[in-house]
Amino acid sequence: MIASGGIGDVFARARAERRAALIPYVVAGDPDRETTLAVIDALTQAGADLIELGIPYGDPLADGPTIAAAGQRALGAGIKFADSIEIAAQARARGAAPILFFTYVNPVDHYGAERFARDARDAGAAGAIVPDVPLEELDAFAPPLRAAGLAIPLLIAPTTPHARAARIAAASSGFVYLVSRLGVTGARREPDVGWVAAEIARLRTTTQLPIAVGFGISTPAHVAAIGAVADGVVVGSAVVDSYAGSRGDEAAAKVGAYAASLRAALPSRG
Amino acid sequence: MSIQTEQTPDARGYFGRFGGVFVPEVLMEALARLEQATREAFADPAFWSEYEGLLRDYVGRPSPIYHAERLVDGPHAPIIFKREDTNHTGAHKINNTVGQALLARRMGKTRLIAETGAGQHGVATATIGAKMGMQVDVYMGAVDVERQALNVYLMKLLGATVYPVESGTRTLKDATNEAFREWAARVEDTFYVIGSVVGAHPYPYLVREFQKVIGVEARAQILERYGRLPSDVVACVGGGSNAMGIFRGFVDDGAVNLWGVEAAGHGVREIDTAASLNAGSVGILHGSRSYVLQDGEGQVRDTHSISAGLDYPGVGPEHSFLKDSGRARYVAIDDDDALAAFHHTARREGIVPALESAHAIAFAQRLAAERGPDGLIVVNLSGRGDKDVRTVAALEGTEVLK
Amino acid sequence: MSIQTEQTPDARGYFGRFGGVFVPEVLMEALARLEQATREAFADPAFWSEYEGLLRDYVGRPSPIYHAERLVDGPHAPIIFKREDTNHTGAHKINNTVGQALLARRMGKTRLIAETGAGQHGVATATIGAKMGMQVDVYMGAVDVERQALNVYLMKLLGATVYPVESGTRTLKDATNEAFREWAARVEDTFYVIGSVVGAHPYPYLVREFQKVIGVEARAQILERYGRLPSDVVACVGGGSNAMGIFRGFVDDGAVNLWGVEAAGHGVREIDTAASLNAGSVGILHGSRSYVLQDGEGQVRDTHSISAGLDYPGVGPEHSFLKDSGRARYVAIDDDDALAAFHHTARREGIVPALESAHAIAFAQRLAAERGPDGLIVVNLSGRGDKDVRTVAALEGTEVLK
Amino acid sequence: MIASGGIGDVFARARAERRAALIPYVVAGDPDRETTLAVIDALTQAGADLIELGIPYGDPLADGPTIAAAGQRALGAGIKFADSIEIAAQARARGAAPILFFTYVNPVDHYGAERFARDARDAGAAGAIVPDVPLEELDAFAPPLRAAGLAIPLLIAPTTPHARAARIAAASSGFVYLVSRLGVTGARREPDVGWVAAEIARLRTTTQLPIAVGFGISTPAHVAAIGAVADGVVVGSAVVDSYAGSRGDEAAAKVGAYAASLRAALPSRG
């Protein structure tokens, strides 16, 4: 069954299945367009609920070395902003899981927020995360995306004070993205499960939105632990790593096997 | 000219349409606390008196002004150097690191991190960190670590740890990304000492405030010595801190022309340039909106300048504001002209300027001839050139590696 | 202690039994004219006002005093650095070359020559020569030309010509011989700018007068800041100019202990030392009588110190006089202790001292613990250590040649 | 005929022969003791009137590279101050021309002026030149030598003012040593014959002593020109150079031939 393009449906379905949603992250065009499409297919088949599709950028301030390097590979392959959107459109057309863009403010600015909103919607994307646009700068950027019906999940970090977290949750759409630990993407540090659980509990008192957790989640054990408390589990660098160095079917096979192991680790909830 | 400039950025960190805060959420609280601490410190006379004491005893301020008499032949405006090269560690960078280290201590931070390109800001941070007994970790592009082995060793001598950055182009831009990432990873005990008037608010503002001592001193010194204001103030612009520092002393004197000199590299019309204000477009880099050297997709371009300290694709947002408002003008000097000014200043004045500063001197030489004897030109000599001797020697094929 | 010291050497250039004029006849008239010109210049307020103007605007004086708080743990006397490292060109040497260049111009000379060891005095001479538009020829031992390629290039940048000296041990001593010879060959248009308080009369006297600004400033600064005189003044001694410069400010204050710190090299009892006052005997070298490291035949010994600027077999005659009179005491610090102080000062104070100055610091650290909190120790930080980084790195096997 | 040890006799004989005296310079022990003795014999046979014997010193301020290097060779061969005196004594005993030491103040100081005076006299030497002891410092050094009957020729340079030259001449004994040009020993610059002639004429009005000229005299032509006006011609670096690299008989043959060429160039005077 092909999932619908909306994020609400993603979490609804997972909830119906009494588990958290699995949200793998890949970079568009890493290492080439065909591989990405094959990888997205494989992730979909392995049970990914939502795919974060990184639009390659040379100065990814929120990303660690793994994702930064993947972005460089994609840029080296000549992937442009429009290509990333096209990849999403093709994947969706091939029946992929819903797709959420992950990009940065400067490329969006250059592409144009209105144009991005329109093209992303036309591609069948579910929304976009722009990690270097904080709450304060949202107004200059979010309205066209919102108008196009795209979700804009915002990030809440361990350093975010409670009152601010509530405001961020209120401004988010689709879901709230809780960062599991200090730092950037990448698997160097363990997620802080205890803190995550407490923070989720607190956030549930202020928002109805699903809460997904990401950053530093790289093993089935992490997925099991976080999946027990969150509505969604984002796995980024570890997914990118799982097929780094491979292309096409080989890459798809590797990432599919890895994603399946994550999916299998998702605990069933009461 | 009499365009009124704002004294500080607005509450959201904007100078007109430039500036702002574009960083991951994990850093927002740190920036808010930094802004708060800055506000409190700046209102505290004890803070300034400690800062000024360190500038006097440790940095060696005030730096002198010096009439470079032999720089231009024929009728010309006097060229006065503001001598930041005589500061401890040899450049203006230390004014800023002293200030930020004091802020860091006030905020209870025990660790300083910094990005560095050629190593000057890294050395200045390692220096004050050693003095204050704080841990210092410096992020430096792997390419620069190779090129600037001497400064790398100097930082180690000073007790700092230098981390080579392997991402992206492996130069200053990437080192800055990495410093932001590292800050995000250890924001509780770590203070990010940024090296220029760039980055997210409040950095462009607070770095300017720590560098404005240059302009305040220079204005008083020039008035005392010459009984009048200068016709022109000239400074090189990499990130723009030495320029903002000296401009700040004169920005409200409408009759004083302010000139920022960027590095044209092989030429402003070439790919190989570092002149963000002359050859860039508006974009967002390292947390704020400003002019950026980038392609149509917002991908930041590789830059080139003979001078490592100007080899940066961005520029401080306040400069973008001063450019658009017309209060300051920005020109570009290419590698060859900067190198010629470097040699000329060494031979005629016995001062080996930093290659960065040599860009400002090259422009001032032309301006001096144009202005004629009625003019009075102040050039911010932002640093000494000892650090560049090896680069220049290598360009000329001289072997001075021993 | 209250031994009265003479204000100037006697008419024949003697400080007690030390000093004098032992040079070939061809130079006698030049020295007589130099003495005459010195006397006239020193009596001319216009001379001093030009000198002081250059020290202020060009050199960047006054140099600060700085409390090095983190140098010694446990109860100890405060250690105050007199910061000659913040001078233009990075050491006290420039105070002297500025003065001698002014004398040279006053005497109508158009060419400066100088000897140099590590290159510091050569750079300082090339610097003022460039500023004043005078030809500069520098004599440097061929071994040192090899070792100090960076300073050699710096001198060239400044427009000077460096002549490698192939005679004798091919180091500083021989470079000095050669400078004397070259002076003898072109005495009419040439001024020999000697780099320390050594050589034939009137050099030890006039160099001291040009360096005494260090002591005069330091005394006033200490009194202003601490309301009392220091217990001790400490300076390293190569030829002895930075030490004489700072001592001069305090020599009439009988209660202030004066300490000269020589380079013991591998140890004062070893052959490999440079501690003329501690391990030498009275002899005549480079035109005057003083303590000299020599064998029983009066053949000058090869010296060794980790610090090139202290690696000299002689010492200024006034130091010999101060030693014999007991007014000053002379100790020696070996390579290892100097190196340790070099690292310690970098890590604890964020100041990389010249290896020369590190000898003074090493002794001051001990003295500070001994004196206890009632003491107050001034150390002349004669120069910055950037020039030594490569040497230290090489000792540690770090490759920083790139 | 073996010349007497006194300098007066040297110049008297040359004057009697209506020519200037030839005064070659060699360094004692360059490159070894035997060679020096052989060289002195050869010089004597070639007609040298007086031999300047340099006592090797490591820091010879008045000497150029040739003589400095010769001194280094001698020091390298282990020649001590006493060895130089002994070489003089042996040479005199073998019938050499009169010998005049050339040394520096520091080695003399260390050997002791009294001891030097006594040993030099005992060795049959005629006197000593100490170029770095100017008129002003003479009293601390000259009395014992004078007392031992040794001559102390002093140097007059092109830079010496007239009045001072007269005082130097008055303090000299044996002869007056006129330096032919600026600089140190060595053949890099030509002697200034015009200036030398004028200076000699002027000096003759204030002193009865013979006047020898040295520094930079290196060719038979120089010897001819200077020999026409001076009472003595000193040839230093060129003599040292003439046998540099050779030892023993070979050195003696070379220096002998060279000295003979100089001797032959000495003009006969009216």
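Read from first to last, the chains carry the letters A, B, C and D; within each, the first residue is number 1.
Please note the rule applied: a contact is a pair of C-beta atoms (placed from the backbone, for glycine too) under 8 Å apart; a residue touches a chain by one contact, two chains touch by 3 or more.
Computed from a prediction, not measured in an experiment: that's the story for all the values here.
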| item | value |
| --- | --- |
| Separation of subunit C from subunit D, taking each centre as the mean of its C-alpha atoms, in whole Å | 38 |
| Between subunit D and subunit B, distance of the C-alpha-averaged centres to the nearest whole Å | 67 |
| Subunit A and subunit D, separation of their C-alpha mean positions in angstrom | 97 |
| Junction residues of subunit D, two or more chains touched | none |
| Where subunit B touches two or more other chains at once, by residue number | none |
| Category of the chain touch graph - line, ring, star, complete, other | line |
| Chain pairs that touch, as defined at the top of this document | A-B, B-C, C-D |
| Complex contacts: residues of subunit C adjacent to subunit D | 12, 20-30, 166-168, 173-174, 177, 180-181, 184-188, 283-287, 292, 294, 296-300 |
| Subunit C contact footprint on subunit D (complex, rising order) | 57-62, 64-65, 68-69, 72, 75, 80-81, 104-111, 131-137, 154-161, 164, 168, 179, 182-184, 189 |
| Subunit B - residues contacting subunit C, complex | 56-58, 60, 63-67, 70, 83, 85-88, 90, 126-131, 133, 146-147, 149-150, 152-154, 157-159, 343, 346-352, 386, 389-390, 392-393, 398-402 |
